[in-house]
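Here it is: the structure, laid out below.
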Amino acid sequence: MATLNYLLEELVTANRILAREGVVDSFGHVSVRHPDNPQHYLLSRSRAPDRIEKDDIIEFTLDGTPVDAKGRAPYLERFIHGALFEARPDVMSVVHNHSESVIPFGVTAAKIKPIFHMGASIGHDVPVWDSHDHFGDTALLVENMEMGRDLAKLMGKGATALMRGHGATVVGRNIRHAVFISVYLEVNARLQKQAMDMAGGSQQVKFLTPGEVDKVAGRTGSYGINRAWENWCARAGRPFQDEQA
Amino acid sequence: MATLNYLLEELVTANRILAREGVVDSFGHVSVRHPDNPQHYLLSRSRAPDRIEKDDIIEFTLDGTPVDAKGRAPYLERFIHGALFEARPDVMSVVHNHSESVIPFGVTAAKIKPIFHMGASIGHDVPVWDSHDHFGDTALLVENMEMGRDLAKLMGKGATALMRGHGATVVGRNIRHAVFISVYLEVNARLQKQAMDMAGGSQQVKFLTPGEVDKVAGRTGSYGINRAWENWCARAGRPFQDEQA
Amino acid sequence: MATLNYLLEELVTANRILAREGVVDSFGHVSVRHPDNPQHYLLSRSRAPDRIEKDDIIEFTLDGTPVDAKGRAPYLERFIHGALFEARPDVMSVVHNHSESVIPFGVTAAKIKPIFHMGASIGHDVPVWDSHDHFGDTALLVENMEMGRDLAKLMGKGATALMRGHGATVVGRNIRHAVFISVYLEVNARLQKQAMDMAGGSQQVKFLTPGEVDKVAGRTGSYGINRAWENWCARAGRPFQDEQA
Amino acid sequence: MATLNYLLEELVTANRILAREGVVDSFGHVSVRHPDNPQHYLLSRSRAPDRIEKDDIIEFTLDGTPVDAKGRAPYLERFIHGALFEARPDVMSVVHNHSESVIPFGVTAAKIKPIFHMGASIGHDVPVWDSHDHFGDTALLVENMEMGRDLAKLMGKGATALMRGHGATVVGRNIRHAVFISVYLEVNARLQKQAMDMAGGSQQVKFLTPGEVDKVAGRTGSYGINRAWENWCARAGRPFQDEQA
């Protein structure tokens, strides 16, 4: 069982990695379910991911109420995290981002699909959540549990969802897994766009077969993820911790 | 009320951030209205934004006359700033740049429109000013008040204008606001180009609805801008100042 | 004859260069044939290329068995290396990567061909190996000698092969040569994609003539490669060794 | 009159800037006419631009003979420089590069033309020299005076020429001018490609008018170039020298 301190350090590292690898800019966030209380989660106060320190992390109940904010402002969109932890007992970490190559797939008819083995963990289909469908004209932010639950419902059992005109949300079985999928969702989108340019759209692109997606995703474990994690830690100037299951 | 020294520091920081975030290269500039005299503004001497120090900043009257240049050469295009401060009492800061993803939208029929929530502050429409319309063959530079006023007129009450074959001009209610819009004008253009490639033009791209643009822009305040500003300061190696209203 | 220590240092340098020049990310690997035993090769333990130290390197027999792993996990895909050293006595070094501009050419009908003189060493044709053809749905990894030999067979006497939905494999007469071709395979793909965008496909692009490819490749020796190698060493923070033939 | 030492320092700086600004990679070179003997020029020995020191610079006669090579290997393509200094008394500096956004314009029907004011100095037309026209299948290198003179003839009185399947050559009235045009030839090509993607080719792109090109180019003097040069020096870690006419 992972300790609280281990997860706090991991969360800081995850924020820095997401910034360093170009998945988040000054916005976006990553959370982890509380190790001692599955009805709580840990998420930074409102701050750019590359600036976050351990002391910035706040504990929240699933409905987004801070246990003790100490006067610090939370992210408006923390409801994304709570709604997914509520709907998905298998989910231990959530990433929300404005990943640049991904956003265009949320505003056009093109669907992101795994185009190389590193992209298999994004899943067979990446659904697009459009806040306008149920909420009309909004500031596009997931600013309450109702919107968060609507997004979680659309996401179903998947690992990823795009958000029209906004970004993407990714979940994982731990922090490293959620970050790994987030990075390769961006890379997959970038490669797919190039392939579509060259082939005149998705029709003539050879994506992974469904069987391949399942086989690759089924084998995406610590062996591969930790190889990337060690490298990303070094690039982000963060220590690499021994993994706690 | 912001003090003069605060604004001089902000102006240096703004120049460095615009360079670091890829909005300006060796050219482009940013100004602020003088806090004690709304008929004056502050702008660096002719120097690349990433090199500017506090001592480089010169005070100008709205018609572009330096109060005391101390032998330093001003930017030829300072008239962009004066004309906008003259026409727009609500404007406190002006950015002029040659933002790379933005320029192609000034020389083709494609119109930049908000494609994700971070782009909402560019406004519903981004007009294109073509110096050729009223001034014929020129060096494309805004080198007198007549040209500056023509640009300001085209811009109307908006926050942004493209300049055909040249770049863009952005205004804001303070320095951070003008820089924020400048950064996301570039990002929005980059994302929109990708989406257009994928959709075969703008027609099949889902832009933000007009209502969404208004709702997002209406909520773009210090909460969000300062999150980015703190991050950009760190990336640019500049201290983050407490905001002065 | 190159000494073992020289080659171990070269191998570390090659890994760092491939990372620095954007040919590998946290995955991919490079090997060299053992200088004293052509039936053995040297390859790092499972680790990201930019993190590799001399102590990480393990000696393998051609079938992928470590001589003494000392408990360290090898790369699953080491069979790529063994199969090519087995099939090709002229090959002294093998690079496997997920080079970003290259992957789209493995999933579309477009063929990579030398578009500028620096790309001539990739060869007249760059074949695409599709693991699905003979192995059906897999995790796309070359995880045994059978798959490695199938890839080597497809590659024939060439220097490069793409792997559908996965990446590329490159061979050379020494480490520097294999790295050089890997870097310019990526650059060539990037340039070719731009040219295809502009020309509406490959049909209207002027590639090098077959005679030009032969003349350039025939002259790609130490004179040119070492000019790049010295530069890449400096960029990767590694010492430049005098070349051992 | 510029001193020899001033020009040697400028030449080192120019090499470093071209590398830092992405105009050259490990290849490409820049020369200057000798200040005391217009029939001689100064050019580094065969070395990557980002590594060059003052001691690497060799004096050559216009036909490419080193005055005193001290055993150092020269660039094979030094004939580009000699032929242009021979044909063009107005030219004081020559840059040869493999600028990435430029190369695709040499292998497709698309012509580079000034698309924004910073690109005006590339000239109204950028001709494409194809070595195959007069020399058939070669290694594409300009490896003798005959080929150099053929390139110089095609270039005429212009500032720039593309070389099919190879790169570009740029000339200037001094080192800073040649570097400035080289940088903005690359930027212009990058912007033009984006505009062409968006407009479906060059036909619907608004380029600068011929009158605008003349007006901008006529005003591209020390005022603007030195603003960039100071910035580029700092980015390349080189001191900024007072300009010597």
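Letters A, B, C and D name the chains as they come in the text, with residue numbers starting at 1 for each one.
Here is the rule we go by: a contact is a pair of C-beta atoms (placed from the backbone, for glycine too) under 8 Å apart; a residue touches a chain by one contact, two chains touch by 3 or more.
It should be emphasised that the depicted structure is a prediction, and the values quoted were computed from it without experimental measurement.
**Student:** Same or different: at the chain B/chain D interface, is the fraction of residue numbers used by both copies above or below half?
**Tutor:** Shared-number fraction below one half, so different.
**Student:** Looking at C-alpha means, what's the farthest chain from chain D?
**Tutor:** Most remote chain from chain D, centroid-wise, comes out as A.
**Student:** Taking the mean of the CA coordinates per chain, how far is chain A from chain B in Å?
**Tutor:** Here chain A and chain B have centroids separated by 32 Å.
**Student:** Between chain A and chain D, tell me the centre distance in angstrom, where each centre is the average of that chain's C-alpha atoms.
**Tutor:** Each chain reduced to its C-alpha mean, chain A and chain D end up 46 Å apart.
**Student:** Find every residue in chain B that makes contact with two or more other chains and list them.
**Tutor:** Those would be 197.
**Student:** How is the touch graph of the chains shaped: line, ring, star, complete or other?
**Tutor:** Its topology is that of a ring.
**Student:** Identify every two-chain combination in which the chains touch.
**Tutor:** A-B, A-C, B-D, C-D
**Student:** Residues of chain B touching chain A in their complex?
**Tutor:** 114-118, 187, 190-191, 194-195, 197-199, 204-209, 211-212, 214-216, 218-219, 223-224, 227-228, 230-232, 234-235
**Student:** Show me the residue ranges of chain A that touch chain B in the complex, using the header's touch definition.
**Tutor:** 25-27, 46-48, 50-51, 73, 76, 98, 100-101, 103-105, 107-110, 132, 136-141, 164-167, 193, 196-197
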